[in-house]
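Common to both upcoming complexes is chain A, partnered first by chain B, then by chain C.
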Partner chain A sequence: MRQLRLYLEFSRKAFQRSAAYRFDAWTRLFSNVIFLFMWGFIWFALYSGKGDVEGVSFESMLSYIVVSQMLQGVHGAGTPLWEIQERVRTGDIAMEMMRPYDYPTRSLFSDFGNIAFHFLTAVLPLYVVLFALFDLQIPTSMSQWILFLLSAVLGYLIRYSVELTFGLLTFWLMETGGVEDIFYFSISLFSGSVIPLWFFPDWLETLAYFLPFQGIFFVPNSIFVGQLTGQALIEAMLMQGIWLVVSYVILRWVWSRAALKIVVQGG
Partner chain B sequence: MGIIDVNHLSKQYFIAKRQEGMWGAVRSLFHREYITKTAVEDVSFSIEAGEMVGYIGPNGAGKSTTIKMLTGILVPSAGDVTVGGLVPYRERQKNARQIGVVFGQRSQLWWDLPTIESFELLKQVYAISDQQYRKNMDTFTEILRLDEFYQTPVRQLSLGQRMRADIAASLLHDPAILFLDEPTIGLDVVAKERMRTFIQEMNQERGITVILTTHDMADIERLCKRMILIDQGRVMYDGGLSKIRDRFGKSRILIVDLEKDTQLQVQGAELIRSEGNRKWLRFNREEITAAQLIQQVSIQADIQDLSLEEPEIDSIIRQMYEEGLSVG
Partner chain C sequence: MSFSSWVRGTRLYFHMVAASIRAQMQYRYGFFMNILGWAMSYAGTAVTMWVMLYSFQSLEGWSFWQLIFLFALAVLSWGVCVIFFFHFRSLDQYILNGTFDRFLVRPIHPFFHFMAMKFDVGAFGQLLFSIAAVTLAYIQLGLDWPFWKWGVFTSAVIGGTLIQGGILVLISAIAFWTTRSERFYWVVMFPAKSMMNYPLSLYPRAIQWVVTFILPFAFVNYLPALLLLDKPHPSFSSYWGAFSFAVGLVFFSICYQIWMMGLNRYKSAGS
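Take a look at the complex of A and B:
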């Protein structure tokens, strides 16, 4: 309980800190909207002259893109990969290691604070307006909302674990441009953030199904637009749960190795 | 058994060897050679509770590496360390509660937060009771005048203010042991003095064990009865300060700028360096006074400018090598 209070204090401080960098929130929101329009127009062009594609209407597709951009806006407020790299490079990680807390947990809670601020002040208002202005699909029942939210949280935690694990490779590599590229490529393709998995060729869809990334955006997005229901929904969320456990276990293992490996740069 | 025990401690780093040229760069993708660099070699010492010890040596001697092993953020390559009965790297978080650390070159405070909020965050981190927090904050504020910059974000503090904030932050949770890595580096004379007074007070009144690394001989003279001198990872000397001072503290260096380059013949002093018209003369102030030496020089050449230097730690160590002092 006392531990939780400690970590929540980091959320609170991160929230305050975000408030000091409001401009940052606005610029991030701006680029988020640019991408939203870009993907909207691309899908509009692809759908022109067609009705349903693979049984999915343009309206559903557009809703998928909007909710996907919204979730990405939320995710963008926390970047554990960059943070850990920066801390290892500058040696500030030493300061974190000298504290009586667990770094991955504290960093997660700091991100909660950043996200809360960013969500409340930028993402939520914008997307409420967007959903009100355009004729988009939103969950039709309370249970669908709850399942979406739950799935989105699971997705966030999966991404956090995977991203921080990639970031921790800095301890071994020092230069992680390549690792970064692999991570960002995998997440943009396999998570379904811009192209839903149902448009993938069969072999790629199968591959994506067995990777953790689809649990990050594809599952919550699909629940939101009603493409994922019944038995398939339960299975998908169960899969998310399994991936969260697996990626968290891997994160803890890599962290314990990294902590022993640490070579503080300079100082 | 002391509060800190270090036995045959060694630390090696492996550094990837850079191969020359384009071909070398390609080759290093497949095959890398490593150079082993020994930062600390077979270091042993024991420190009793309440002691204040100067841990000194030239740049790259292995001071910071030792401190990092004592705080648990580096794992030793060989040997044992115990701090307050704990093996630091195995029980890092538990160790963190009993130690305070200040790195002169690096702040432990959160850059973006106002100073006072960093303190409040530490209160939560170390689960410090309201009462203890109040008491410590009152004491520290009084001595270190923290109230002058409570609301200023850490990144906007001057170096002197930042060091005051940092040392206060390191003591908030009443640690039994305090590690200070160059706590006075870059500070002006007044700030240095204030820092030394504070450190001394904490050691005497609270009985905090202090280990201090520094390049400033005055820090050691003012604060420490005992010093451990290391160079190239090895302990060169461990003992009272007076012995070293008696032996080397009497030497002074006279630097003279002559009108033209002249071969100086001086008695009671040794020419240790010569760069054109500038000469460095080392002498023992018990054997010859500065005035006598200047007189000797001025007979032989016209002096344009001169200055006197006290020996720094680096030169004391160099001298120890030359004269082969190995006091156990």
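Take a look at the complex of A and C:
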């Protein structure tokens, strides 16, 4: 309990820090909107002259892109990969490890604070207006809303674990250029952030189902637009749960190795 | 500047470039990973395009290989541009740290000096990807260009370098007034550049005009690609694509003038 209060204090501080750098939150939103705009027009052109494609209407697809950009806007407020790289490069990480808290948890709670600020002051107002302005599909029942929120949170935690794990590779590689790009590519394609898995070739779709990334955006987005229901929905969320546990275990394992590495190098 | 000072400047430039490359080669593993990483992330975008067109066949009448050609043409000139100008975006860091002043006290032209500061070898990744992609697209589309089309292609690459370089110079000039520049790159230029990877005719007319007549991104890849692939545009003449080099030259010199204006303002601030 005291532990939780300690970590929540980090969220509070991060929230205040974000408030001090409001400019950053709003500029980030600006680029988020440009990308929303770009994908909106691309999908509009892809659908022009067509009815449903693979059983998906244009309205559903547009809602999918909008909700996807909204979640990406939220995710963009927390960047554990950049942070850990900076800390390893500058040596700050040693200070972090001397302190009486667990770094991965501390960093997660700081991101909660950043996200809360970014979400409340930038993402939420903008997307409420967008959903009201354009006649987009939103969840029709309370249970659909709850499942979407739950799935989005699971997705966030999966991304956090995977991203921090990739970031921790800095301990061994010093220069993470290539590894980082594998991560960014996987998250942009296999998470279904811009192209839903429905439109993938079968073999690629199967591959994507067996990767953790689809749990990040694809599952919550599909729940939101009502393409994922019943049995398939329960299975997909179960998969998210399993991937969260697996990626968290991997993160802890890599973190313990990294901590050892620092001791070896003499801090 | 007189002729001899140009010669001296050029020799100095290459000298500094060699030093910059040696510095980047220090971490050999990182050096190769960096190049590989860039090449892969562009290949990633190409894969995304392929997946997108798998169910939909074409985008605004552009087939997959035509789209790849459009995209790779932009990456090619961007690669050249990165080598010379990419570090301009972080001018704000130099100003904030006070390290920019050293560019002012040396007997070299400050613009030249700042430009020579870094010769980004990571950009070989962009070149690697784009040359391979353009070659593949050329073969897949069964193109057989006459001599003048190769001229258009070359003009697009040089013009594209100047246009994108000009925008980077413009972004860095903002730092003289606001002490911020890097942020503008990520917030404005990066998304705008991503939009240009797709056919311009997707977007509303107003945007098409802005990127043709104000920030001439359209001359980097879209207009030359129309001409090179014999594609029509509802309102633009396809021959506009032949003017990339001229547009680049004019645009870059305007951006350079603005940068120098900013520099003069920076000096007069007495900092």
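The definition used in the following text is that the second predicted complex is superposed on the first by the 262 of 267 C-alpha atoms of A that agree within 3 Å, B and C clash if a C-alpha of one lies under 4 Å from a C-alpha of the other, contacts with A are read in each partner's own complex, and residues count from 1 in each chain.
One rule holds for everything that comes next: contacts are C-beta pairs under 8 Å (C-beta built on N, C-alpha and C of every residue); 3 or more make two chains touch, one makes a residue touch a chain.
Keep in mind that what you see is a predicted model, and the values were worked out from it rather than measured.
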Partners on chain A (chain B, chain C) - clash or fit: fit
Partner chain in contact with A:E235 - chain B first, chain C second, else both or neither: neither
First (chain B), second (chain C), both or neither touched by A:R5: first
Of chain C and chain B, partner touching more chain A residues: C
Touching partner for A:I34 - first (chain B), second (chain C), both, neither: second
Partner chain(s) touched by A:D52 [first = chain B, second = chain C, both, neither]: neither
First, second, both or neither for A:F199, with chain B first and chain C second: second
After the two structures are overlaid on chain A, angle v-u-w for chain B, chain A, chain C in degrees (C-alpha centres, nearest 10): 80
Which superposed partner A:V179 touches (first chain B, second chain C, both, neither): second
Minimum distance between Cα atoms of chain B and chain C in the superposition (Å): 5
Contact residues common to both interfaces of chain A (with chain B and with chain C): none
For the chain B and chain A complex, residues of the former touching the latter: 13, 64, 68, 71-75, 89, 92-94, 96-97, 99, 101, 103, 105-106, 108, 110, 112-113, 117, 121, 124-127
Residue ranges of chain A touching chain C (in the complex, touch as defined): 24, 27-28, 30-31, 34-35, 38, 41-42, 44-46, 50, 53-54, 173-182, 184-185, 188-189, 194-195, 199-201, 204
Residue numbers on chain C that touch chain A, as the complex places them: 27, 29-31, 33-34, 36-38, 40-41, 44, 47-48, 51-52, 54-56, 59-60, 122, 183, 186-188, 190-192, 194-195, 198, 202-204
Contact footprint of chain B on chain A as seen in their complex: 2, 5-6, 9-10, 13, 16-17, 20-21, 91-92, 94-95, 97-102, 259-260, 262-264, 267
